[in-house]
Structures are given as structure tokens and as C-alpha cells.
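Once you scroll down, you'll see the structures, which are given as C-alpha cells.
Both complexes shown next keep chain A, but they swap its partner, so chain B is in the first and chain C is in the second.
Then we have the complex of A and B:
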């Protein structure tokens, strides 16, 4: 490309495609300014909500009128990116709403917290729209670095600092893997843009080694076996609203990239992907059975869910006919998971803030008497995570298993369905603790407080979406690509 | 002539790299690292990558190593040979063995695969305006990669805020409890 032709890259389409990213960046800067400009200071919450609202509006605009590849095919603004972009906005908004009244001694840093939280969807959107390994990598870092800090945000708690440290060290290794892999891919093919890689010599050993390294790094982010060991510790130690963001947003963003980059993996390797998916489901579900802490249990359940979506990826790689169905299934599953998991983690944040500082099964006993609404909402989220009909989680599982069955992975589908049944055991344990077990006597003092309006709103949104996705899936599916 | 230089510099770079790992005092490690970076940058020059050579010196030797030195001087680490006994020492020697084994394995694998032509490597095609032309780099950076280039500025800002949040001391009037 010659220097004169650069200007043709930045046409109206490119600027429109950049809209959501620019809105997020501008909003994040305003939040930072709110810390020093007195007029803005009291309006910080308003700025966060307005930013996310504008971003959502721009993404809906992209959804209705997709733009296609821009900036020399390094970024794609199509319906898929818009669907994922809306998911990221929802995840960030929910995590932020749950965080408003969550922190106590770290309250003075809430402004920085909100800034960091608002930067993450920028990275996620770049990851979802990336058609180039370089764009993806920068997006990954824009997502990861704020999350490292947010994981360690409660600096006076050893567990939080430990979580941040673990996440940072392992994340740095994963980033190095990615760069090394991208370097090998460049060496073998002379490009890191997907449109060039589609026709490249994918069978050369250098190329495949590069793809393996890149995939290892992304599998780390989506917490798939054997790169899942960090998940329980980091999810448990991080502040719960941040855990909600990590569990939903990061996972969705990394899976969006996996769907875009699935063509890099040779189709013959789909058996390997299926094997990884089944092992991940087994590790997640069996690990969750043994947990005493609900947050750790949800972390293992997140691993199991990542395995389930990986089944779709295998189907996506395998056949051209199923590609559309597989994409829809993955997006629907992730959408349902965003609202369910954000709601479940969020309710734990509510309990931590107002009821009991720890989140063991023990602390949930008798919750139905103390907090009937919280217990009812938690029950709905557990049923959705387990895949009980009339919830979004059920239909997500249904679509995923039907795609993996039709792509010929019958044994894996049956195993996956059986493992989901195993999963019901620990989701039901939460419900049993809340409704059928009396409160233990030495439970310690409780600070009975109302959860506050933001948390109540966030929970209401989650409940509405989980039920709506389960009862009226056409509302969402018709709009999918 | 260039080949002689290349092999001499490569050997020197490897020696310096070994020095980084084997040096007893952290200060010597840093100085060895500096030597290794210099050798690498001269290799870049030999290959015709002037910009990369300059960036290597400016960024790594100029900025990052100075930071390393600051940290080492501020922390006043002194001699770390005391750590090389007991469990940590055993861990270090095991780590060294594994490291040597991995290095030898990678070297052998590369030697074999390059000699057998398995990697299908071709010499790099030169860019239209010559190898490592600044125009080429600028066109890529401000053209098709404008999005990640601009996003890096957000990334740096976020990193800065993240570091401040984590490093800033607790403000007075709040309790510092541990769990």
C-alpha cells in the first residue's frame, strides 16, 4: 500500500464501525475526568450508564445495518460483532451496577474502578471484531490489564491480591504464548490478517505450531482444560462484581474470537477439540461437586459451561452446512450465560455486602426466610445454569447439543448431556441450602441492609432476560445473524 | 565478512544471556542483559533493519534497563547467593537442568528441521521501498493498523491508572483489615 492510499481507508464506513469503540473510550476518559472536575464528580454514575447506553445504541444500529470489513479487512463490523458487542455492554453494565454499593474500605477509589471497568468492553469489542491477530492482541491486552488490577482491587485482602497476582502472571504467560504463536504464523505465511491466512499453507508445521500456541493462549482466557487451573482461585479471590465481569465478558469475547478464527484449526483436529470439550465439562462439573464455597462452585461451573460451548466450536469447524446454526447456538448460549452468571455472581455480591461476608453453602442456609426475593432470584439462576426448561440456559444447552449431535459427535453429545445432569446436583445443593435447611446457630452477626437500588435493578434485568430467553427465544434468535 | 560478524555476535549474545542467568549479583545480570541487547541490535543492523536496531537500543537499553537498574538500586537486593541453598537452591538447580535440556531440544529440533527443509522458510521479500523503510512502517501503523495503534494509547492510560490504584497507599481514616 502506498502512503497516498491511506486516506481511502478512513471512509464513512470505517468511522461508523469505530463508533462503539470511540463512545467507550470517550466515556472512560470522562469518568477519569470526573475525579478532578467538580461538576462531573457527582454525575459519574450517569456518565457510566450514558456511555454504555450510547454504545448499545450504536451496536443496535450496526445490527440493523451491518457494515462489513473495514480498515483493510482488519476489523469486522457485522451482525455477529454487534451481537457480541451488546453482550459486552450488558455484562459491563451488570457488573458495574453490582459494584456500586459493594466496596467498603476501597470506596475512595471507586472512580478508578469505574474507569477500569469501562475500558474492558473496549477490549472485548476489539477482540470480537478482530480479523487480524494484531488487532485481537491489542484488544486482549486492553481487556486484561484493567482486569488484573480489578482482581486485586481490594488491596487489603490477601485473597484479592493473590487473585490479581495469579491472574497477572498466568495472563502474561498466555500473552507471550500468543505473540510467539502469531510470530510463527507470520513466519510461515507472511501475514497475520485472516483474509490472507484463509488461502495460506495451513499444513506447514510452522503454521500449525503457531496456531497451537495462539489457541493455547485463547483457551487459557476461556478457561478450558488443561488451562483452567487458575479459574477457581482467581474467581474466588477477586471482588465478586469483577468475577461476574470476568466470567461473562471475557469468556464471550474469547469465544467470539474462536468462532472468527476457527478456520485456522485444521478440520481434522475437530476430534481433538471435542475431546478437550468433554474433558473440560467433566473437570468442571466434577470439580464443582466438591466445593464448599459457592463462588468456587460457580467458577467450576463456568469451566463446565466453557466446555459445552467448545462442543459448538467443533461443530462450527466441521461442516459448512451447520455453520450458521452453530454460530447462533454459541451466541444464544453465551447470551443466556451472561445474564445467568452475572445474576448469580451479583446476588453473591449482594449477600456479601449486606448479609454475610463469606459465600459458603453454610452461609446460604435459611436464606429463603431471611431474604425471600434474593433466594427466589438465585433459584432461577441456578435452574438456568443447570438447564431446566423455561429458562435461557435450557434453550442454550438444547441448541448446543443439537448442533453437536448433527455434526456427528454423538458420543460427545451424550456424555455432555449426562455431565449436565451431574451439574444439576450442585446447583440443587444451593436451592436445598436456601429453602430446606435451617440457619445454623453460630452464624455470627448479620448486617441486615437493603441491597440498594442498583443491585435490585441489575437483578431484575437478569431475571427478565433469563426468563424471556427461555420462554420467547424467537425474540432473540430472529435477530441473530 | 558479514557472516563472520554474525556468528561472532550471536555467540557473544548467547554468552551474555548465559551471564544474565548465572551472575551472582543482580547488577551483573542487568549489565549482561545490556550486552546481549547490544549484540542483538548489531545483528539487526547487519540484516538491514536500521529502525529496529535503533529502537532496540532506545527502548530496551535506554528505557527498560534503566528502570531495572533503578529498581535494583532502590530495593538494595545485594548478594542473592544466600538464596541458593536449601529448597530454593534445589529448585534453581533443577530449573537450570530443565532449562538446559529444553534449550538443547529446541536447538536440535531447529537444526534438524531447517536442514531437512521441513519448515519451508524462504528469504524475506524486500518491501517496495527497500527493507525496513520508515515509510513502510509508518504506512502500516497509521493505515490499516490505526485501530490497534490508537487502542494502545487507551491501554497505556489504563495501565497507568491500574498501577496507581494498586500502588497508592491507603488514605487515612479507613481501616486496613486482612482476611
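Then we have the complex of A and C:
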């Protein structure tokens, strides 16, 4: 392709489509600059919020007036991308708000931290809008590399460094898988752009091997069985606000790509996808049941939720009739999960900051008496994760089960329903510890430190959204594409 | 706003008010809760008065669009009331002030939270009985789980955490299987409106109804609880605080029987006809088994809990007789059981607050030191044992009459249950009230105070009222029950017609037309 034709690709539409990405990139660079320019230094928080605000505004603009495929059909700026884009902005904003007062000893590096954090939604948005395997790969790396660094951000803590290292090594493997798979697909069909692949000969073994490798890599990011083993260690070791970002944003971004790329998987394999989904739910829920640490428990719960959402994919593959409903279910479920999980991890960050360095079930005992608001919000998030009505989690679960039921997987739906009873068992344990057990004597002295304005705001946002999604879903459903 | 919405959400407003008070203002929280429940009771009585028994379907309906899912039915916020839900709503709204009043005696820590949960619970229960939209019903159904989970878990006895988690998970397992059945209904008929679904589902062939019936029945059978699922109940009752037990026995369990009636029987009559013998057997087994369990208890509260299993066995037996008498008896027995068992739990609570034990052998001769208590206990026991002239008799008589028409053997088992019931109830009464007063602690017991009398007196009023003049109450539910009976008769006739192809079967069916 000669330079001239590349220039013609960047027409007005393309520039508008790139708007959110450019805003994020510019904002991130400004944050980095703020580290060395003293005038900007005090305004760093403002820059972060302004960047996310502008990005959200641009995404809403895309929502109102979708652009369609741009840049030679390698990137899609439609309502779906905008919906996911807004979700990523929300996830980043929440994680960032929780991180403001989280670090104590690492405070000098807050600038780098905020820069890295602001780069992640850029990668996520690229992943969600990608209509091309290579564009997706670039997005994936733009997301992953900051996350590797963020996971190891508390560099004087062994667990944090271990988490970063583990995530990096396994992530590098997954990336290599992806590239190899994309290479095989290119060999078999001569293209890596979805618009070309749609008509390609998908039955050749080479092509299918390529798809399998690509999917394995994406399943790694979504944390689906059997690629979920890294999750508990990495989630536990990473700084908690980073965990919140990983659990919500990364999962949603990888899933958005799965929906876009679902056509690559032959429809006959939907049974395999459902089987993987059910096994993932089982592994996640049973694993969570055995944990003593709440953060680790939430990591396993995240695996279980990844399994549940994977049920949608099978419905999505199963034909055009269900595609709309499956998309709605996926967006609603992931949206509810973003606010619920970010809130739950965020509250753990609040507790770590003042109460206790680690958050075991033991340390939660008597929390309702010590910090009634934290306990009440945590209860709401646990009920939403467990899928109890009047929370977004319930409706999300219901929509997902509706899709899997309608695509004919009745047994899987019932199994999923029963496995979520197992899930409820460990969410209840959190509530039991907070409300029903007295504070343990040997817990040591505790300073009841106020969570600070940013954390309180983030929690309030999560609470409002979890309840609003559960009680007035029409506010969200009516606006979906 | 309309009456039904006010009725349902007034408790929630009360809960919000309680939340606004400072934690230390326990008395204010109690008064707000009491005032709210009394206001709900007044509203309930008004709705009861305005109810027109000549209308068969739901009345006072309010319906507002709620949300829509792509490719699925529109979900609406629909409330309405018919003869069956009317009695349940009346029971709930009248029992709640009594329950709140009873908490003065035993809830003295974390009063605020308790009152909030009680009021949230009332909204949940009323919502279950009033919902005419399947999704809305499911909403309220699951929400009503949470308050009791906290009540047992925070204010319960020694093994409260075990009991409360067991209760929650048991019920949730049933509910989630029901969720799949709900999804199936929504997409099969593309509607979430319960009256519409009732019409449409009844037209399904019996084998298709069977699956849906099973999905719903499991959830409701666990909630009631029907016999093999009853183990959570004894634990939950034993560990729950008195007021929690009263609500659990008085109203929450009725959500199960109400669901069986409203969904399993009314929506899937063909499947109900097919499954009725099984449920009648389980009901009869529950009657006898519960009675034997009760006989073996030394803990007074556990004894009442087991008697609850036995009494709900009657409701199941009567309802699945699928005759007018059986269903009417079942509905009335739901109300009666709420009152008599609720009152028994209140009385057990009162004696426990004084003696801090519930072991039968710790008591004896208490009639001498607490004559008023003795009078109330005897009334409650006789009502529970179905003495003619009190409420329990009317329901059980109708149930047994209905069951006798459907299956004579099981009816006889049910009658035996009445005898067993009298045995454990009267033996327990004798051991508590009569005999020598030989324990010093029992001699110094104070008799009931004015507040306690005020909690019990309204129940006694209704126990006698229903017992002497049940007809006005039965008239309220007659219309709704007739509709259900007609559906079941049609299903039975259809089944008979298909079976008549085989002459031998037809002959057998002719000799015992309602037996299978």
C-alpha cells in the first residue's frame, strides 16, 4: 500500500471514529508530562477525569450517530463499540478513584501509575472495535503491557511482583498463541480482516487450527477454563484497584472481541463452548467456596462469571434470531458486572487501606458494627454477584439464562442455575462474617480511617448503578442498539 | 397512587424512615415500625372491604409498563387481587403489627436493623401475593428471602449461621430451578402476564405441562416445605427469634402453598391431575411424619415447628384433592395455620423470655403461676388441634372431606393425623401447664403483661370468628377456587376421554371417577 492511499484512508469519518482513542492517548501523555512539569503536577487528577469525561462524551456522540466501518473496514465505530467504550471508561474511572488514596509507600510514582491506568481503556476500546485480527492484537498489547506493570506496581511487595511476573509470562504465551493463530488464518485465507474472512473457506483444518489458537488466547484474557489458572494468584497479588480494572475492563474487552469474532467458530462447536462455559462455572464456584481470602474468593467468582457470560456466546453463534437478545444480555451482564465487581474490589481496597493489610473472612468479622456503610454496600455487591433481584446482577443473569435457554441448551441452563446456588454460598459467607459474627479478639488495633472522597464517590456510583440496573433496567435496555 | 401499590410499598417507606433515625433511638424505631404496619393493616382491611366477591378474576388491577427485552415479552408492573390472594394479604397485614409488638420482649440489640428487615419482609410478602406479572412475582419471591436470612443470622440462637445458610441455599436452589421454568414460560407464550399465561398454559398437552409443573413445584415444595424437603424448616424455626418464627410460619411458608395453588394447579391443571396422587401421598405422609416428629421433641419450639410440617401436610392433601371442598379447606387452613401456629410461637417466645429455656421437662404446673398464659396457650393448642368451634376445625374438616372424595385411604391417614396431632399437643400442654409446680423458678414466673395480651387477643378474636362463622371468609375465596376447580375438572375429563380408547381402563375410571 503506497503512502498516498494510506492518507486517503484517514478521511473525516476515520478521524471521528478515532476520537475517543486520540483523546485517551493525549490525556495519558499529558498525565505523563504532569510528572515533570510542576504547573501541571497538581492538576493530574483533573487531567485524568477530564480525559475520561471527554472520551465518554465522544463515545456518546458515536452512540447517537454511529459511523460504521472505517480504515478499510478494520475498525468499527458503531453503537456496540460505543457501549463497550463507555463501559471501559466507567471501569477505568472507578479503578482510578479507588487508587487515589490506596498507595502509601509508593506515592511518588502515582504519576506513572495514572499514566498506565489511562492507557488501558485505549487498548480495550481498540479490542472492542477491532474488525481485524492485527488491530485487535495491537489493542490487546496496549492493554496488557500497562497491566503487567500495574500488577507489579507495589514493587516492594513480593506478592505484587510475583503477580506481575506471572501475568507477564503467561500473557506473553497467550500473545504468541494469538499471533501464531492469526498467522495460520492468514495462510489459509489470505486475510486477517473480518470482512474478508466472512466469506472465506472456514472448513480447512489450517483455518480451524488458527481459530482455535486465537480463541485460546482470548479465553486466557476472559479467564475461562482451562486458561484460568493464572487468575487467583494475579488477582490476589496485584494492587486491589488494578485487580478491579483487570476483573472488569479486561474481561469486557476480550468478550466484546469474542462477540465480534464469533462467526469464526463453526456453529457446530457451540456445544463445546457451552461445555466450557459450564465447566468454567463449576471450577470458579467450587474454587471460590474453598478460599479464606476474600480477594482470592472474588477472583474465583470472576472465573465463574466468565463462564456464565460465555453461555451467551453459544447463543450468539446459534443464528441471527438470537443475536440481538444475546448482544443485549452480554452488554447488560458485563455492565452490571463492571459496577458490581469494581465496587466489591474497591471496598476491599478501602478496607486494606485502613483496617488490615490482608482481607480474610476473619478480618471482615463485625464489620457491620465498625463500618456500617461499607458493610451495607458490600452486602449489595455480594447479592448482585449472587444474582438476587433488585440488583443489576439478577437481571444480567436472567438475560444470559434466557439466551442459553432459547438457543436450546436447557440442561446447561439448569446446571448454570444450580451452580449459582453454590456461588451464593460463598457470597453469603461474606455477609455472615460482616453481620452475624462478632469481631475476633486477636484482630489487633484498628484505625477507623474514613475512606476519603474519591473512594466514597466511586462506591456511591457503583451502588446507584447496581440498584438502577436492577430496578429500572428500561433506562439501559431501551438505549441499546 | 392506587391502593395496592400503597399497600405493597408502604412498609418500604417505613423502613426508610427507620433508617433515618439514629441507632440509639430504639423506641422510636419500634414505634415507626408499629405505626407503619398498623397503617398497612388499615389499608389491608379497606381492600378487604372493597373486594367484590362476585368478580372471579383479579380486581383492583394496576398495570404499568416496566421494561422490555428484545425478542421477549414486555414485562409490566402489574398488581391485582383475587379471592385467594385477598385472604393471604389480609393475614399478612393483620399479623405484622402483632409481630412487631412481640419484638418488644426479645429484640433489644440492633433494633434498627431488625425493624428495617421486618418492614422489607412485609413488602416482599405482599408483593408475592399481589403480583400478576411473572417476573415481578419472581422479584418479590427472591427478595423476601433476604430479610429472614438476616433475622435468623443476627438475632438467632446458637446454631443460627448454620440454620440461616441452610434455609437460604435450600430455598434458592428451588427458586433458581423455577427461574428456568419462568424463562421457559416467557418465551413459550411471549407473555409475562399471569392471567394470560394461566389461560395459555392450561391449553398445553399434559406432557409439556409436566416439565413446567415440575420446575415450579420444586421451588414451592421446598418453601412449604413438602415432606422430603422439610429439614431446613425445623432448624430455621428453632434458631429464629420468636418474631422471625411467627412470620416464617405465619406467612412465608404460605408463599409456597400459594404458589402451588396459583401456578402449579391453576396454570398446569393437566399436570396437576397427573401429579396429584403423589402430592396427596406426600401431604398425608407429612401429616403423620410431622406429628411423630413433634411427639419426640423435648424442645417446645421445635415441637411447634414439627407440628407446622404436619399442618402444612393438610394444606397439601386438601389442595391436591383438586375438589372444591379440598381447595377451599386448603386456603382457609393456610390462614388458620398462620394464626394458630403463629400464636403458639408467640407463647413459646413469651415463656422463653421468662425462663430462658424451652425444654419441656423444665416446666410443669405453670397454670398456677401464670393463669392468663395458660388460658391463651390452651386456646392456641385447641385451635391447632382443630377443636370444633375454633378456626382449625373448619379448614381440616373441609380438607378431609375433599380428600375423601379423591382418595379414601389417604383421607383416613389424614384423620389419624388429627388424633396424633391432639396427642402431642395435649401432652405438651399438660407437661407445661399442669402437674405439680415443683421447680422454684416456675413458681416465681410473672404472668402476661398488657402488651403481651394485646399481641395475643386479636389472634384469639380471629380464631373464634373463623371457627364460628367461616362462611364470609370462605365466600371471599369461593370464586377464585371455583375457577381452578373447573380447570381441573376439564383436565380430568380430557384425560378420561383420551383414556376411554382403552375399554378396560375406561371401566376402571368409571367406577372410581376421581381416583387414579
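Here, the second predicted complex is superposed on the first by the 474 of 481 C-alpha atoms of A that agree within 3 Å, B and C clash if a C-alpha of one lies under 4 Å from a C-alpha of the other, contacts with A are read in each partner's own complex, and residues count from 1 in each chain.
Note that a contact is a pair of C-beta atoms (placed from the backbone, for glycine too) under 8 Å apart; a residue touches a chain by one contact, two chains touch by 3 or more.
Because the structure is a prediction, the values reported are computed rather than measured.
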Clash or fit (per the criteria above) of chain B with chain C on chain A: fit
Chain touching more of chain A, residue-wise (chain B, chain C): B
Chain B versus chain C as contact partner of A:138, first or second or both or neither: first
Touching partner for A:169 - first (chain B), second (chain C), both, neither: neither
Partner chain in contact with A:401 - chain B first, chain C second, else both or neither: second
Partner chain(s) touched by A:272 [first = chain B, second = chain C, both, neither]: neither
Overlay on chain A, chain C to chain B nearest C-alpha distance, Å: 33
Chain A-touching residues of chain C, taken from the complex the two chains share: 65-72, 138-140, 142-143, 145-146, 149-150, 153-154, 160-161, 164-165, 168-169, 172-173, 176-177, 179-180, 183-184, 186-187
Touching residues (chain side chain A, partner chain C) in the complex: 321-322, 324-325, 328, 383, 388-390, 394, 398-399, 401-402, 405-406, 410, 413-414, 417-418, 420-421, 424-425, 428, 431-432, 435-437, 472-474, 477-478, 480
For the chain B and chain A complex, residues of the former touching the latter: 113, 118-121, 125, 128, 135, 138-140, 142-148, 151-152, 154-155, 157-159, 161-166, 168, 170-171, 174-179
Contacting residues of chain A [partner chain B, same complex]: 1-3, 5-6, 9-10, 18, 21, 25, 28, 32, 71-72, 74-75, 105, 108-109, 112-113, 115-116, 119, 122-123, 126, 132, 134-135, 137-139, 141-142, 145-146, 148-149, 152-153, 155-159, 164, 187-188, 190, 201, 204-206, 357
